[in-house]
């Protein structure tokens, strides 16, 4: 099976791809043709179905397709002219190869997650975290989830990768300042985006759920944590209050969707660790995904051109 | 017993007052004297204890005091020179006369509350509201609470008065537009500020609680509603989701502390009913509390001078 | 005659339509063809004139056309291929059927308008309102006008409908607060958008006039009111000043185009009644005009997705 | 008669002063004494009336007083200890010497005004300006008025001085660009702040009028100009519309109180001439009024420290 | 040779043009054709190469081309169908005729520049300016440069024209206020945009350089001035500091890219002269470049419709 | 010698203190007395000189004084009544004990600085850093300097402490992302606030210099770095450009005083490391400097109440 990043002009290919976009258009003779975008874990390619013959089955957006075709160069871009197309059957393909995923080693990320929990000294926090992440249903979902629809870490395992980075940054920051309870910082970091389990639908769709649009991951994460803490009647009140505060204040400012700003030092650290990882990751992904040598394009959310540093001694 | 609004210069008075402020200062001979502010339901007055003799007992801020003294005019302001002062004993005084309260008839407000619940057609919403407001502990607290520390309705029964106004405005608005479920609007209005039960401490303090500062009434109201709905396993999911959305979006904009903006028409109406009542009430209170004829002063939150309309045919 | 909302694929139709858009394009053989948008009171449709034969008369944007053609389905959208087209003659068609209009009963709205005037107690305000709305030229224009180009109430009789809603909301609000002169509120509501008579051109164009762009309806409304008050030498000065203030402050904030913010309680109420009706109406129209089941689209001005509430007991 | 800028410690003085501030305070023995601020055209001084004997007549803020006293140095500031004080009688004093006024030669400013009108080529604009500024009542008021309460040109003749500066800047700017009608620019500059005739009360008060607070000088200036143009039935419509637009758009942005932004080049120039003169004048006055050598203080409205340039070749 | 502003439909033309845009597209038969935009000093035109025969040489964007073709009218726009095309050879064409340039007389602008330097009284400032502008390499570059990529003065000699306008405005403003050192104002104006020599690449490209994107003209101008002042060991410190301050503060506000706001009066004047010329020039160019009679379009940066004033007595 | 943090009521003390504030006031008999604030490294105390006898020498703000007096309690605050006071002589006192300083071990911080430089791989960056920090004059100044006047790290060695924290955070962040040159990040962090050497005057004053107010530390740091790089003719151009960009972009946004936003990943990291350390340090200092148990006060710059976390397992 061929993958998109290996496509070359004038070659025949076959493979499994996720259909991300489909539009029916008319050619000069009034006949329909299809414009689509096909994705696998290595990239995305424009495709055309010029003639709608028997070899072209019914299909739709968000489905996994088996496709055969010829790669051509059109206006300096690769384009796939499709000969054959069917909906792929469960079991024929490995979904994890068809959607973008983390470049990190997932098992290593999981190990880091459990090591971070292990290192917690506070028994209440440790029990809380174990209750959440040792629970198979949550962990399995958590490991696969992205951290967003498009802004950063918008790929398989993205939520896990982002959570580990934020936690390691937060833990490191906790060493620099007085008055900081490291266990609270680590717990806050590990739980800060838990609401995304419900805010985003599973892959391959990876889009906002109804609940996600009406409540948002901050409030849903709060609701999950409140429910989890409720299971431990002896969970200290002060600790519960601080954790709840960290959850809802982690976006840092009202205009970014936190109904309250961080008021204690642990909440400040969790917010800044999250903010820092998100912003740098946006730049890193923008550079990594580009083939341009120096200026890799205008980043809309950051509202600036991004430039690759071309220097090695 | 005398009340502050009846104080006249050169008169001797006695009465029960709430101590809102106390500062110890030194006179020219290095002797201590006390500056205080005393409040009852009719107003607030500056007071001085010039000499700390036996008649002056120990006392502190937020306590109810029995006070005797003489009223004088100092720099065009009334001032009470205190002769005698003790902490009042439970039972001697009626707390409700010492703190500002609604000008409305409280029983009538309560009746309106129950009538509004009665008129609800939807059995799920009706059961939910009855479960909350028929529960003595909640209702009694709800009836006494203020709707804020200082901005508007910052007095005894203020939360009840505000809730009734918002609900009547919301119910009226619901009649003007298509696509609106009136029962949801009324329920949303009645519940929108429920979190204030925990955000503000009881009178006479009426100040932000610890929880209030760290979570805010939007998130705490959300938590209460989630808990109440949880009691009804057959509560329709769509209805629960919309109610939860109304709760968290009722401030209308992220920068006003709602983590999500109103996305359905009922949420929009609840927000606008709340916004409208709050803004007009600020102006009304500012005018009512002033003795100035035309310009009643600069309103800091509204950032403008407020003017009384002096016209009657 | 056929109306757009009844169009079905593969049917021949004829009817009168307003031309909202016309562009001349070239086909593959270098021949001209026309792309247009045709509107009637029930909706809007894309149309094409593929061949420019004798049956196609001269025509232009904003004109009423008599059209015959065939409805086809192109890329999931209805499209009208035009066979015959002429400019319609005065009298052949009823303009009111060709442009979107209020769903309310217009006569009933007019009756409400006059009842609201009748209920005014203050003789000065009543005379002023009668002088304006009993004057045929103004009333006829006022009844037909829209309340905007596109944002809300952008249809025939929209200004009347919006004015009545705002006034009923304002009148209801006036009952909740002390220090309010209801007659001034009602008069302010009825007059608040009078400047739109000059800001927007008549239907079918319904677009900003030159004056509208350079002065805006707030300043033009002010000018009209100043002129009307001038006719009554005994009109009380205080009353005139308050009315003039309400006119220019009704957008509530400088950044929304009011050169002064509302400083008296009647001005605050008129502003909030207007703000409330505008915002809710935007949501209502967005939902009503959509066929989507739950999420009806992204509302640019409100900057959010709008969701239909799908709940009935 | 003595003037404030010539006061020296340990000297006896007598003179006429405007009372800008009066507060009654109590000394250590419970006796009243008065703190006041006295102003003449050369400056402002703190004064005390320590003993309220027969020589001290009744008086109030905003009145002109005849005062005798002794100048002393208190905490590095001059202070006037008052012996004698009466309300001055009409005719005894020259009001123009008691309030701050322009440093320019007023007659020269008036000549400039008339020369600028003379140079207008367009007969309609010339007639309009002559009708306004040749009218004694308006001109006399215009010549005396300040251009503000405190921000800039807040002194006698300030409006005239500001108007001349803005007009000369605008006229100069008009020479640099194509598509500009200089006569319109000059007329717009001369009329732009005409509304201040009604927005500010006359000296010595020089404070916002009721109308000024409720309507603002932009809208009042608009009303005056509309009334003046109305007198000339043959005044060209295009010209009237542009002038009216210049009037209301001259603050440049909605958030600065213009309900419409400048849309034609003459409106842009009038706005920028006004903006430029206002901003530079704030800095100039701040430096001129200070005795500090380099940093002259923090300017609240400009939100920065202002520094004097200490350089001469 | 023909120039674009003289093109007429159905005429054959030949001439030298700058290629600003090139895209390869496919026609209905799958054959490539080219869409390009050609520019000369008189305007810009769309062009097509329908058939890629021998007469069409290799070429690229930003190159000067010799072109022959036929002008046709397509959708109310002129279009050039190209028959012949080669890269032009150095010497065949005059670059200054191929790119938009100032309408002013460049020699006259240069004379004004030297006259402004001549009039400086301060010997330090005069020497500094002479060292910069008498240096052939700098002056020649300065004279050709634009003042921007697109916003205003985005044409050959634009920097010189803008600099002269700003300086004359600044010099005129200096006459109105006390406390102003005119020599410093004039010097600040002449040098304010010197950094644009390095921020923008030379024509025909006229685009941001790498350095321009990473440092910006404010910081680069600062670096140049620091280097120039360094050449004069006796240059007064106060003077150097003020000049450096003017350089970096000339955008007036932090959000416009000045790291410090203007704190002395000369810096304020330089900023306002620059701001004024930029804003008016945007409007002037927008009107001049349009053929529309009244409303010339929506100006994105100014965020408003721009209107031509159609009035002449 | 006594230190302020050990002061107890009713005790006689003597010691060396820095005079931070001095005001001359008058008592009830018209006699002068002095109010001052005295500081040492342990805190700050109000002091009074009630009688100006022979034992009280001349002195001024910012001078080091030898003081004897009695500590009393006034309005719950300690106050020092001064008996004796002289300007201290050079050599009698150790300045470093009189001003607040880092709680870190300064030698250890210096060692960290040199270790960070040692670990740099790139020879150009290493040489540059050695040239700066091995130069005694710079290093000695750098080690003593604060990082600000009041916001955070506003104490002796604050700049060194802040620089080390930022660099360690930046270095740690560099390990998480691809496309990052760690040597550039470390160098950028070490140099980012170098301009503060000139922006702030030396202790004990520690206030903005004239240059600091007119240029700011971003531009002055840029000037220093440009000068240092200039010493190495073979310094790679790309490297120099990136370093210069990091310097000026490190405040992250235009409105925070960076004339350009970070466009490459190393600049983004340096900015976020700086932002993170500054924000957390503000909270840490605010908590550490307070004696309040839970809510430690309202932080003006962060615009919120800060709360101490009271939890330990």
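Labels A, B, C, D, E and F are assigned to the chains in the order they are written; within every chain, residues are numbered from 1.
Criterion: contacts are C-beta pairs under 8 Å (C-beta built on N, C-alpha and C of every residue); 3 or more make two chains touch, one makes a residue touch a chain.
This one's a predicted model, so the numbers in the text were calculated from it and none came from an experiment.
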Contact-graph distance - origin chain C, target chain F: 2
Interface composition of copies chain D and chain E: same or different, split at half: same
Separation of chain A from chain E, taking each centre as the mean of its C-alpha atoms, in whole Å: 44
Residue list for chain D, restricted to those that touch at least two other chains: 28, 210, 213-214, 242, 263-264, 305, 307
All chain pairs that touch each other: A-B, A-C, A-E, A-F, B-C, B-D, B-F, C-D, C-E, D-E, D-F, E-F
In the complex with chain A, residue positions of chain B that touch it: 210-211, 213-216, 218-219, 222-223, 226, 241-242, 244-245, 248, 254-260, 263-264
Contact set on chain D toward chain B in their complex: 23-26, 28, 210, 213-214
For the chain E and chain D complex, residues of the former touching the latter: 103, 121-124, 165, 168-169, 172-173, 176-181, 184, 236, 238-239, 242, 261-266, 268-269, 272-273, 275-277, 279-281, 283-284, 287-288, 302-313
Chain B contact footprint on chain F (complex, rising order): 28, 74-76, 294-295, 305, 307
